[in-house]
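Quick one: structure below, then a few questions.
Order of writing sets the labels: A, B, C, D, E and F. Residues in every chain begin at 1.
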Amino acid sequence: MKENRGLLVGRMQPIHNGHLQVIKKTFEEVDELIIGIGSAQLSHSIKDPFTGGERIMMLTKALSENSIDSSNYYIIPLVDILMNAVWVSHVKMLTPPFKKVFSGNPLVQQLFKEENFDVIIPPLFNRTELSGTEVRKRMINDGDWKSLIPNSVVNIINKVNGIERIKHLSQKEISEKIE
Amino acid sequence: MKENRGLLVGRMQPIHNGHLQVIKKTFEEVDELIIGIGSAQLSHSIKDPFTGGERIMMLTKALSENSIDSSNYYIIPLVDILMNAVWVSHVKMLTPPFKKVFSGNPLVQQLFKEENFDVIIPPLFNRTELSGTEVRKRMINDGDWKSLIPNSVVNIINKVNGIERIKHLSQKEISEKIE
Amino acid sequence: MKENRGLLVGRMQPIHNGHLQVIKKTFEEVDELIIGIGSAQLSHSIKDPFTGGERIMMLTKALSENSIDSSNYYIIPLVDILMNAVWVSHVKMLTPPFKKVFSGNPLVQQLFKEENFDVIIPPLFNRTELSGTEVRKRMINDGDWKSLIPNSVVNIINKVNGIERIKHLSQKEISEKIE
Amino acid sequence: MKENRGLLVGRMQPIHNGHLQVIKKTFEEVDELIIGIGSAQLSHSIKDPFTGGERIMMLTKALSENSIDSSNYYIIPLVDILMNAVWVSHVKMLTPPFKKVFSGNPLVQQLFKEENFDVIIPPLFNRTELSGTEVRKRMINDGDWKSLIPNSVVNIINKVNGIERIKHLSQKEISEKIE
Amino acid sequence: MKENRGLLVGRMQPIHNGHLQVIKKTFEEVDELIIGIGSAQLSHSIKDPFTGGERIMMLTKALSENSIDSSNYYIIPLVDILMNAVWVSHVKMLTPPFKKVFSGNPLVQQLFKEENFDVIIPPLFNRTELSGTEVRKRMINDGDWKSLIPNSVVNIINKVNGIERIKHLSQKEISEKIE
Amino acid sequence: MKENRGLLVGRMQPIHNGHLQVIKKTFEEVDELIIGIGSAQLSHSIKDPFTGGERIMMLTKALSENSIDSSNYYIIPLVDILMNAVWVSHVKMLTPPFKKVFSGNPLVQQLFKEENFDVIIPPLFNRTELSGTEVRKRMINDGDWKSLIPNSVVNIINKVNGIERIKHLSQKEISEKIE
């Protein structure tokens, strides 16, 4: 049984080419990768436009498009629990056993370090271009968001009318009276 | 049985003349109106000074003062659930069936549109004057808040010592040591 | 893109040969199958001995052992929300879009029927032998539980000391004083 | 302003003639009555078949059918909070101020008594016939449930296919394998 | 600094002489003892009559009556979280660090063993007499409950009208109609 | 029995000399003091670095260092409940009965005043120096934090590697790609 298993957590709003580069690199260090979809309960906001289910589908199709063998990863939605001291335990409850954690987030690093996990900072790529914030900004402003994300993810975003959704959500409230 | 039913949601902190104008206008398009009191669990803050129960009483008395037949509306407290994708379903659980939704809020519009409701933007009135924010500002600064809201609501606010409450809450913390 | 997608939900405590027979049969009717792990937050009881994460791993390995292509299914942990009227919406939030639901459970059937899903009763196999209750009973009483479940699942149960766990949990409280 | 206000709480699954008799009697002792719909989050079970929203609509129509003036009562859905010591406070948060509580339930009586409310045991009518349990039993067994509840409630139950719902929920699970 | 610290968890409904015997015995094995009050959110039922706060006060006074040095223990209310796999982590979040766990409950033992704690079964005393169930039964049936619990706890129970409370809660519902 | 009991609530992130001065002063007005640890569920952030359990231990040791008799106070962790109108009731559920509340926070003052408690503003000391914000700032910037807090608390912070923790948490995210 493959035992060298790692965890990588991200909100993936949406999955973009930067995520894929990191995921590919990560597979150089583990046999199996658990990919946690963070804040899985959030959706329909400018910062978190897509549902957990939409993000699971996007990630699955993007990994397939990139020929990553689906028998080597687990995609797990993780809802926020708002108790940092319990978060590692909550992640463990919903995942196969793992030893390594890949994260650039200081809080995630600290929480897993205190529980004696092997915490690894994922390698950096051209970061300014490849952030979720940038992708979402381009979606709202009719910029070129498609070149930043895999084709299969573009298809899903079109399918769920994702651009219409994020643009509508970015409008200011029309009637403030019904506040 | 009357079947042409609509939904209108607002925090109503507090109910003011703008809400009443919109509610009256809304009745031109439906037989029965469901009025959802948003963030019903919040109270005792500058943005949300009144409890759900106080707001239900205010709205009931204000509609009565305006001779709106109480057999034609339902007032339903709605607590926040922090999962946008589930919110429409949560509202439906607590309300009679409805087809139309009146809202100026882009998030509310988007969520109901995705569930195939008929979303209608309520007509606008003189909006700068008639916002909840303005009413609460005047309450804190000894301005003329009474002219913006129905008499029956003024009475309830006095009864629950609402002005004293919001003024006290607007104070800065006196002792920062017990932080 | 494959669009003929179905949902099947089970607690899978643990995954046994009956689940696998049903899953295989289900693939005759859909291109992609979403498998929801019910009560994912429960574990360490006689009725629900295994964690959500353990069950995800068991199911993944069992499907692989049965040569089911991992690019055709999604495994999603579902925690209980205790509001039946919101449950369908909660499932949809965490899953790719689907039209068909496979379930022998009257509550699941009723909830999805009311939301206009296509509800299908999965075919029956030799049911008395192949129930989770029977598997757990044999685990506690040193019966032959191994013949009822896939080999890969036996391995995982051994790995997590599952038999020791369920046997310990089945003990009566030794000291009632610290109640 | 009318100040003699009372509270009466019930699950109302469904509203039946016994509830109406008690409500009418209660109005002899108060000017305004707050009717709390208990366990408002529950539905789609044999014990709690109807949603909070369905029950609000049933009660509203039943009171109208009985010519009870809708300006004299408030119908408030109350979700369970599972902390008895906080329950009174939770009810107060969502209701207009009240002094009297009408309840035949020892827990409700005790909780309000400890908070110095005036607790009144509602008068008894022919109790064996008029219980929610009896109504639901007759619904499942094709008995005469209609004579126990107001006509307007019969109409709503038919409208939401309530009998089909409760009968389906009373079926035993067809396939135990997908447990 | 004293580092040999242990944990003991009980619902303590109410604290009785059996708890005190076990606590005294436990101090032979640790320098400091953390006493977790389980199900701290429950009260006002026959099985759980007293609030978390009442139980904290009872335990404090009972330990003082028994001359146990208050600088050597911590009393911590623990609410139920309904996720066994996360429970140990939740307890750790609210307590000083500890290595030993004293429990006669198989679930508590199993959960802490899996997290590599040193689990110790507390010594047994005359168990039939000294259980919380027995104490509560005697309270309801006018039996001799006072001889089973410390004097200071008797005083607190009288002070909060505990006997009246549990007796009232043990009544059958008087009016079943308002179900 | 000592009946003159008061409540004082603070997040205590961490306990510092200002807290201790106020606590000592408070004992001039009560026989017993309940000290509520606010936001007990929060930890591992710059604003709330320490867990509830760590703060309970810090406070216990600091009071002992200051020769405050441990039989005269109760330390109770309080998690946030996000419903202001229910908060007082939630605090009462977890604490021995009390009449006086010591707080410099307008919200706490208002909530307890509305429930007819005796609210007292604690005396002020040299406030700019002695705030939790200042202590945490010095921890991050290698300033002199040790002089602001009791020695026993310094020891505990060192023991749990608290400075390393808060410094790590104050880092900017290294890789923004895995957002």
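Quick note on the criterion: a contact is a pair of C-beta atoms (placed from the backbone, for glycine too) under 8 Å apart; a residue touches a chain by one contact, two chains touch by 3 or more.
This one's a predicted model, so the numbers in the text were calculated from it and none came from an experiment.
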Self-check item: Any chain that touches chain D and chain B
Solution: C, F
Quiz item: Between chain C and chain E, two copies of one chain sequence, what rotation angle (nearest 5 degrees) aligns their Cα atoms?
Solution: 120
Quiz item: Counting a repeat as over half of the contact pairs in common, which of D-F, C-E or B-D repeats D-E?
Solution: C-E
Exercise. Please work out which of B-F and A-E is bridged by more C-beta pairs in contact, and write that pair.
Key: B-F
Exercise. Please compute the C-alpha centroid of chain A, do the same for chain D, then give the distance between them in whole Å.
Key: 45
Exercise. Please report how many Å separate the Cα centroid of chain A from that of chain C, as a whole number.
Key: 26
Quiz item: Roughly how many whole angstrom separate the Cα centroids of chain C and chain D?
Solution: 36
Quiz item: Which positions in chain A touch two or more other chains at once?
Solution: 41, 43, 51-52, 83, 85, 92-93
Exercise. Please categorise the chain-chain contact pattern as a line, ring, star, complete graph or other.
Key: other
Quiz item: Between which chains does touch occur?
Solution: A-B, A-C, A-E, A-F, B-C, B-D, B-F, C-D, C-E, D-E, D-F, E-F
Quiz prompt | Residues of chain D that touch chain C when the two form their complex | solution = 41-45, 51, 165, 168-179
Exercise. Quick one: which bits of chain A touch chain E in the complex? Just the residue numbers, please.
Key: 83, 85-86, 88-90, 92-93
Self-check item: chain D-touching residues of chain B, taken from the complex the two chains share
Solution: 1, 40-41, 43, 51-54, 56-57, 60-61, 64, 69-71, 74-77, 79, 92-97, 155, 159
Quiz item: Okay, in this complex, where on chain E does chain C touch?
Solution: 8-11, 13, 16, 18-19, 21-22, 82-85, 102-107, 109-111, 114, 121-122, 124-125, 127, 130-133
